[in-house]
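Chain nomenclature is as follows: A, B, C and D, assigned in order of appearance, with residue numbering initiated at 1 for each chain independently.
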Amino acid sequence: MSRYVGVAGASQPEPPLLDQAELLGRRLAEAGAIVVCGGGPGVMEAVCRGAQSAGGTTVGLLPGLDRAEGNPYLTISVPTGLGQGRNLLLVRSSDAVVAVGGGFGTLSEIALALRTGTPVIGLATWSLQLGSHQVDAFPVAETPSAAAQLALEAAGAHGIGFRHRPRGG
Amino acid sequence: MSRYVGVAGASQPEPPLLDQAELLGRRLAEAGAIVVCGGGPGVMEAVCRGAQSAGGTTVGLLPGLDRAEGNPYLTISVPTGLGQGRNLLLVRSSDAVVAVGGGFGTLSEIALALRTGTPVIGLATWSLQLGSHQVDAFPVAETPSAAAQLALEAAGAHGIGFRHRPRGG
Amino acid sequence: MSRYVGVAGASQPEPPLLDQAELLGRRLAEAGAIVVCGGGPGVMEAVCRGAQSAGGTTVGLLPGLDRAEGNPYLTISVPTGLGQGRNLLLVRSSDAVVAVGGGFGTLSEIALALRTGTPVIGLATWSLQLGSHQVDAFPVAETPSAAAQLALEAAGAHGIGFRHRPRGG
Amino acid sequence: MSRYVGVAGASQPEPPLLDQAELLGRRLAEAGAIVVCGGGPGVMEAVCRGAQSAGGTTVGLLPGLDRAEGNPYLTISVPTGLGQGRNLLLVRSSDAVVAVGGGFGTLSEIALALRTGTPVIGLATWSLQLGSHQVDAFPVAETPSAAAQLALEAAGAHGIGFRHRPRGG
């Protein structure tokens, strides 16, 4: 069965993230993973372009009802009409999620993945503090290749021990 | 029209949060606000107990399909069957959200509110960093009474200027 | 625990249905039931007006994101942003559903209730045929009072034998 | 851009429907359409088997959270965790829907498609009456090949005139 790796990232990221997202998509596709994302522009488009450049398959879970809003690098588009509700669908349909950059939608996907026990890998993304304590809730990769590697391992191991324990509420 | 204030918080919080949540619920109800929450135990139950002690109205958006899983202090229960998808419903049905404590579900509600432009007030909850920068994305209250006050102001002003600008992705 | 009765009906029904819906709402409220509906105009508004005229509580599950789109007779409004996805929420949050009139949204609520085992009562609504066979999938009431009576009985018995068996697919 | 054709049908249909569904899937794939379904057994599995036998692409929108519950003929599986809420996703992600057989879930997909203006083609499925009037709300095909043909035409024309007008409520 194929591994599905979700990539969360903003539609208007800082430009350096686009190259990183494209390389991430390529690495995931080279390893045979299906890439799931929100189907939009920015990080989402870059990761799909990278995946398709390596012959990979991409799935876009669009927030709206119009398929034409998907980026041009989607193998499959799903207009959900759920708005940010598609963020939870992304988490549910991924065996692991890579969070790229600093959007609030991306933060919601990190949180929903942590809440539901889906492995998360960070790449130039949020870190969390509670009071004065740093909370290292998920592994952070320094490069797109490392992020892909960690995500693929987590996706392969999904359900057999890697998963973080959900944390109530 | 009534103001709806959502309260996000964990089912198994650290015990001191329960007293804070109860006082928060009381203050919100005293001001005539309808309290919306996830309808479960822990912070959710405490805030409902507080609201009902002041004669207030409480709404619980349950993750499952069984109304009996709601806490005993709900005026209205809505079994959504959406799992953590009810977190987005909570945000959408609230004019402002108070985030209490450190659960990952609570973090998802903070993120979804920030993403969709619903005002958020923090109370003993997460803070966010991007790289080495602290990101002060929402006001933080020191006490339940202050959190209620800030949330009520934000809920009243909702749509007329208070809203944070959504941040892509 | 209160009984929740959902009422499904169109925003632009044939006018005689409005009086029937209003009487239905009144009867449900007189019996102490909470009325759940889509929160809009037409049948939804009429049933809420009837329920509030008897001192009842009404809940509107709005398709959009704007609370102001709810009708004026809602005790509680929940802007879901789910579009027709709120139809399933209506079914899930009701112990029994009364289907009034001939909209396609109403038909979807009949079907989702039958699929998920929630009791349905018909009032001047669709009937179903498969091939040349009439399928009597739910009881039909001749009057609003009779519909209320059947729905209240079904809601009270919900889970203890009344439920139709779900039918696959 | 590819055409997406949804196929609604039960997990436990009458056996003759399975052959019809398989042929329907084959015809859709031969025409280059992507087949979207609920991803389960019965009609859903048969249509996917048919589509894959012609080299086609299939997408399964699963009701639960476990990808392993999908049938073996899915190119892409999306575990939605939405229960019957995936029925609306199927409608939203399809340019036209073929309804096969007599399940209540299938009826909900017919109704949601009619409500939201997505073309529906019937194949051995429900017909509708309002009072004593037959309501011919969608075209009915006599054979799987004819259903495929009608659906492909409707999917191609989607948005340029074919769509039924939505009917309130």
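We adopt the following convention: contacts are C-beta pairs under 8 Å (C-beta built on N, C-alpha and C of every residue); 3 or more make two chains touch, one makes a residue touch a chain.
Everything numeric in this text was worked out from a predicted model, so none of it was measured.
Residues touching across the subunit B-subunit C interface largely coincide between the two copies, over half of the numbers being common to both. Two chain pairs are in question, A-B and B-D; the one with more C-beta pairs in contact is A-B.
Subunit A maps onto subunit D through a rotation of 180 degrees [Cα fit, steps of 5, range 0 to 180]. For the pair subunit A and subunit B, the distance between mean C-alpha positions equals 27 Å.
Centre-to-centre, using mean CA coordinates, subunit B is 39 Å away from subunit D.
Residue positions of subunit B touching 2 or more other chains, listed in rising order: 81, 83, 85, 88. Chain contacts in this assembly form a complete graph, since each chain touches every other chain.
Only residues 1, 4, 34, 57, 59, 61, 65, 67-68, 75-81, 88-89, 92-93, 95 of subunit D touch subunit A when the two sit together in their complex.
Of all the residues in subunit B, the ones that touch subunit A in their complex are 8-13, 38, 40, 42-44, 83-85, 87-88, 101-108, 110-112, 114-116, 124-131, 135, 137, 166-169. Subunit C meets subunit A in the complex at residues 65, 81-83, 85.
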